[in-house]
C-alpha cells in the first residue's frame, strides 16, 4: 500500500511539472520539443497497448498515424470542415480503417502479423505518396489550420498547443491506466501470454484482439491528428518505416508493456538524439551503437528494468524466508518426522 | 445424455489419429481414457474442446450439437480442460491466471473498464471471489501472489485445475495431470479429482499412472491406434486381453 | 510478345538480385529467428567493399567480389558475436531494434568512410547482346546465371552435407543441436557468414546496373522482407520463388498495369497471399 | 517571441570564430540517411562562403566587424525535425537566417517563421513556398521554366517530335513535367509515354525504359540526381535508343559523363551548363576552391547556396543590421548586386516578385562529344 | 568414470545445486531420485555443459570437463537425453537420428549400424522414419529422443526422466531397454520419479532434495529405506 501511495505522489509531482513546464522554461525550442514528444508518446501508447499488452507487433502504426494526420488535413482543407469536427472524424475514420485491416490481418500471427502490417504500412505510405490529387503526393500537404477555438480557449500560441497536447496525453495515460488494471486489460495480457489457453478458457480471442487493435489505432490516429495541427505540414515520410522504427525505439527503450515506458523512452531518445546533433553528419555513428547497447543491457527497457528490479528484490526476500523455513522444517523433521507442511508467505 | 461423441474421426494427412470412436461421458463420474502413446487420446480431447475440427462425426453436449462450435463457445457451455504439457500464463501471478479463468462469465468491455462502471466493479469482484474460491478448493491460497513460472510442477498442475474450475465448468477434461509428479503428490491430485466429482463435476481423465486410474476411475475407455478397443469398469478393462496386449503388459499394476 | 519476353527477362534479373538478398535474410531468420533489419546495410557494405577492392587495390571484378563476400560475411559474424549472440534469449522485438541500431551505424559509417555521393562500379561485362529482338547485357546474364548456381550450391550444401544439416537442425532447436554435439556458436557464425556473403554477392552483381551509395540497402531490404514472408519465413525455396514472383510482378505490373503503382501491386499481392495463406506459400505444417 | 537579440547574445552563443562579433547562420537539412549526399552538398556551399568571408576578416556592418558561424543541424528530411531544429537555432543561436534545402521543411517553418522572426533561405524550386505570401522567405534556385523553350526547340529540331517522359519521382520532377508537357505539345510535339522513376525504390531501370522505348520516342525527358540519371541514359542506350535527351536541371551533364564514361553516350543531351565548363565570372575559381576543399566536383546545389550566403551578407551590410530579418529581406536586391564579381558563380540580377532569385540561365548541349553552349530562346 | 566434486549451480541469486559430490562407476546404472524441482535437470544440464557451475569440478575419466562447451562434452562421450526432448520437430525421424550421430559424421558404416540398432530397440521409429518428429505422440517423441542420444554411441548416457508420459507397457520396455543399453557397455545416469522401476534396474541411487544429496546407497539399500519408500515409491 505504501508503494502505491508513493507512486501516486510521484505521478502528482510529474503532472505538476508538466503543467508548470511552459512557465519554468521560456525557451521556445524546449517547448516545441516537449510538445512533439508528447505527440509521439500518444502514438507510442497506442503501439504499446497492442504490442506490449496484447502481444502483437503492429508495424502499420506509422501508417495509421499518417492516415490520422492526412485525414485531418483533407477534412479541414479540402472539405472545409470545422477543425474539431474534422478532428473527431479523422480519428473515427482511422479507427474504422484499423477495424477493417484488423479483421484480415489478425488472422496471421507473430512474425507474419508483424510483416503483414509492415506491408500494410508500406501500402499506406505508397498510396499517400502516389495519390497526388488527394494528398499532394511527394509535394506534401499544406495549409492545415491550427486547432480551432473551443469557447474561450484558443490554441494559436505554442504554449496553448502544449497544454492541448498535454491534455490529450494525460487522457490517454488515464485510459491506459484504467484499461490495464481491469478485466479487459487482463484479458489482453492473457492473449499475449497464450492465445490457445485463452481460447480454451472461453475468451473470444479474435474479438478481444480486434478491440485492442482498434483502440490502439485510435490512440495513434489521435497523435497523428495532433501532429497535423501542430506541424501543419504533412509529407508522405510520416508514414514511412523510419517513423515506425522511431516509435518502436521509444517503446522498447522505455519498456514495452509498461505504463511508464512510452514516456520514459520517448523523452530519453529524443533528448539523446538532440544532444548528438553537434556530431552532425555522423550522429548516427554514435546513436546506432548506443541504441543497440541499450537494447542489450536494458532488455526490458528503462521502466521495465526498474519494475523487474523491484520484483526481483521481493522474490529474493521471499526465497530467503523460504530457505529459512525449510531449514527449520528439516531440523524439525529430523527430530520427529512430524507432518509435512509446505507453506508459503 | 451428457456428452456424447458419435463416430468421431480425425485425420492428420494419412494418419487416422482418432478413428470412428463412439463414446458417452457419464455425468458426475470419473471417465478415464487410457491407451498407448500416440493412441489419439490428446487428439480426442482436442476434438471435444474445439482446438481441432473433426474430420467426421458429431459431438453433442447436453443435447446440443457442438461439433462446429469454436473452442471459446464450448468453454462457455461448460467444457473446461487442462493440457498435457502444462500450459499456463507463466509470467503472471497465480491469482491473475485464475481471475482470467472466470472472464468468460463476465460481459464488461473496454468502455466499462475505462469508465469503471458499476458492472465492471461488480464483475471484477466476482472474478476475484471466484478465483479465491477455486484456489481454496485446490489448496493454493497461500501462493496466490507468486509468479507461475516460479512454482513447482505439482503446484502448476493445481493451478491448471484451478484455471479450469474458474470457468464454472460442468465437464473437466484432464490430460495427464499426474505426469511428472511424484507418488506422494500424485495422491494429493487424486484426492482433488475425487473432490471435484463429489462437488458435482464430471471429469474426463487421461492418465498413464494406472494406480491412479484404477483407484478413482468409474469407467474407462481404451484407445489404440485411434480406435476404441475396450470400455468398461476398471476391473473389466484390467482383465481385458486386448488391453493387456496393447497397453498394460504383463506387469501388475504398480 | 517480344515485349512480354523482354519484360520477363528484366523481371528475372531483378528477381535474381532480390532472391539472393532474401536468401541471406531467410537463412538468418530461419535459423536464428532474427529478423535482421540490418541486412540491407550488409548489402550496402558489399557494394562498397567490392568497389574499394577494385578501385583501391586494383583487383579484377571477380576477385573483388570474392574479397567482398568474405569481408561482409565476417562483418555479419561480428554482428552476430557482438549483438545478436548476447540477445539470443531476448524476445524477437529486441533483435529488430538492435538491428536497426546496426543499420543506422553502418550507414553513417559508410557515409563517413566513402562519402554520401553516388559511386559507379565498373564491370568488365558491359557488352550488350541482342538476340531475337531481346536485349541483354552480359552483366545481366551473369546476374541470372550466378544466382542459379549459388542457389544450387546452397541447396546441396544444406541438404547433402552434415554441416548444412546442422544448420537446419539448429533452426529447430538450439539446445537440441547442442545436445547432439553441434557447436551452435559456430553454426550461428557460419549462418551470418553465409548471409553476409550472399548480400555482398547480390550487391556486387547489381551495382554495375545501379549505383553504390549509403542508402542503397533501402532499395532491397523491404522487398526482401516481403519475399521471405511470401515464401514462408525461413524457407529457402520460398525465398527463391518469392524473389522471382516479386521481380516478375514488378516488371509485368509496370508494363501492363501502371509503372507508378507497380510497388503497390507487389505489396498487395503479398497482402492477398497472406490473407489466404496466413503462414506464407511454403509454410510448413506443425505446431 | 522576443526579437532583437543583442550582439552580446550573439557573441556568447557563437561557438566558433575568433572575432568579438559573430553572426550565426542556421542550416537544417538531411545530413544522414538516404538524402545525405544532397544535404551535404547544399551545406558545403554555405560553409565555403562562410569560411572565405571569415578568412578575409569577416564583414562590417555599422562599423562592427562580424564573423560568420554556420550552425548546421540534421533533420533527416523530416519536416517536424526541421521545425524543431529551427526552434533550436533561433532560441539558442539567434540565427536571423536559416537555410533549408527541402520544401517540406520550408513549409513546416513557414508556420512560425514570421512570429519567431527569422528568414528562410529556401533551396527548393517549389513555387508555392513564395506564393503563400510569407514575407520572410527567399527562394534560391532559378525558375526552371526559362529552360523549357530552348530545350524543346533544340531536341525537336534535332531528333523529332515524339517525347517519352521519365523524370525522377519527386515533387521537383513532377513540377518540371507539368511545365514541360504543355509547351511540348503546343509546339506540335507528342508525348508517347509518361511516368516517373523512383530512384529511392527502383533497383533497375530496364523495365521502365523498355516500356518507354516500345513507343519509339525520339527524345527522352529525364532527370533527378546526376548519377542515377546517367544510369538511365546508359540503359536506354543499351536498349538501343538513339535519340536525344532533355535533362532536367537537377542533373548535371559533367557529373553524368563521369558515370557513363564519355560524352559520346550523352550525344544529343541538352541541359544546364556544367559549372566546370561555365564561363561565369566566379565559376572557375569556385570550382577549383571547391575541389581543393572537399575533394569533389562542385555542383550547382553548392554553388547556389554559396552565392546565397554572399548575397545575404551583402544585404546585411546594406540594411545595416545583422539581426533584423525583415530589413535583410528588403535589401536583398542590393545584396545581390553587391556580390563581388569574383564570387558570382552565377549571375543573379535580382529577387523576382515571387520571392525567388532570378538567375541568368545558361544552357548547354552535347554535340559531337563536346559540350557546347546553346543560345537561349526569347 | 564420471565424478562430481562440490558442484554448486545458481540461477541468478538462487542456488539450485549446493555442494554436490558423487561418482558414477564405469558400466553401472546410477539413479538420481528427487521430487520436482529438486535440481535433477539442473545437474544434468550442468554435466552437459549447458550451465556452468559456480563452484566445484566435474571430471570424466579424471579429466576436467566443467569448462568445456556442450559440443565438446558430447564428443567426449557424455550424451544427454533431455527433459522436454529438444527434438528437431520439423526434421523427419530419420534425420533426427542422423543428427544424433553428428559427432561421428565421418563414420558412415558406424552410423548405419547404430541406426539399425535403434530401429531394433524402437520399431515404431522405423515405421515413422519419414514423418516429421513434431507429429509424433508424446511417447513416440520420447523414444526418438533416446534413440537420438544412442546414435552418438555414448560412453555415459544421461537420461532425464525418460518415462514421463509413457504408457505402462512402454515404461516397462523402456527400463528393459535401458538395462540392455547398459549391458552393452554404456554407463548410465538416470533421473527418475518412478523410483521403484528405476531402482530395480540401477546399481546405485542418490536421493536429491533442495539441491543437495540427502541419501545415497546401493539400489537395495535405498529400496529398503523407509523414508525413501514413503516419499518416492508410495505405499
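In this document, chain identifiers A, B, C, D and E correspond to the written order of the chains, with residue numbering beginning at 1 in each.
Just so we're on the same page, a contact is a pair of C-beta atoms (placed from the backbone, for glycine too) under 8 Å apart; a residue touches a chain by one contact, two chains touch by 3 or more.
It should be emphasised that the depicted structure is a prediction, and the values quoted were computed from it without experimental measurement.
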Q: State the smallest step count from chain B to chain C, taking one step as a move to a touching chain.
A: 2
Q) Given the touch definition stated above, what is the smallest step count connecting chain D to chain E? A) 2
**Q.** Chain whose average C-alpha position is farthest from chain C's own
**A.** B
Q: Express in whole angstrom the distance between the two chain centres, defined as the mean CA positions of chain C and chain E.
A: 42
Q. Can you give the whole-Å distance between the Cα centres of chain B and chain D?
A. 74
**Q.** Distance between the centres, which are taken as Cα means, of chain E and chain B, whole angstrom
**A.** 31
Q) Considering chain D alone, which of its residues make contact with at least two other chains? A) 32-33, 36, 40, 169
Q.
Which positions in chain A are in touch with at least two other chains?
A. 281-284
Q: Identify all positions of chain C at which a residue touches two or more other chains, and write them in rising order.
A: 104, 107-108, 111, 116, 260, 263
Q | chain A residues touching chain D - in the complex, by the definition given at the top | A | 27-33, 36, 132, 137-140, 142-143, 158, 227, 231-235, 237-238, 242, 274, 277, 280-284
Q. Mind pulling up the chain E residues that touch chain B in the complex?
A. 35-37, 124, 135-140, 142, 161, 164-173, 193, 195-197, 230-234
Q | List of chain A residues in touch with chain B within their complex | A | 175, 178-179, 182-187, 189-190, 193-194, 196-205, 211, 215, 315, 318, 343-345
(Q) Looking at the complex, which residues from chain B come into contact with chain E? (A) 12, 15, 34-39, 42, 84, 152-154, 176, 179-187, 208, 210-211, 246-251, 253-254
**Q.** chain A-touching residues of chain B, taken from the complex the two chains share
**A.** 49-51, 70-76, 80-81, 83, 87-92, 96, 99-101, 103-104, 106, 108-110, 112-116, 120, 123-124, 127, 142-143, 146-147, 150, 163, 167
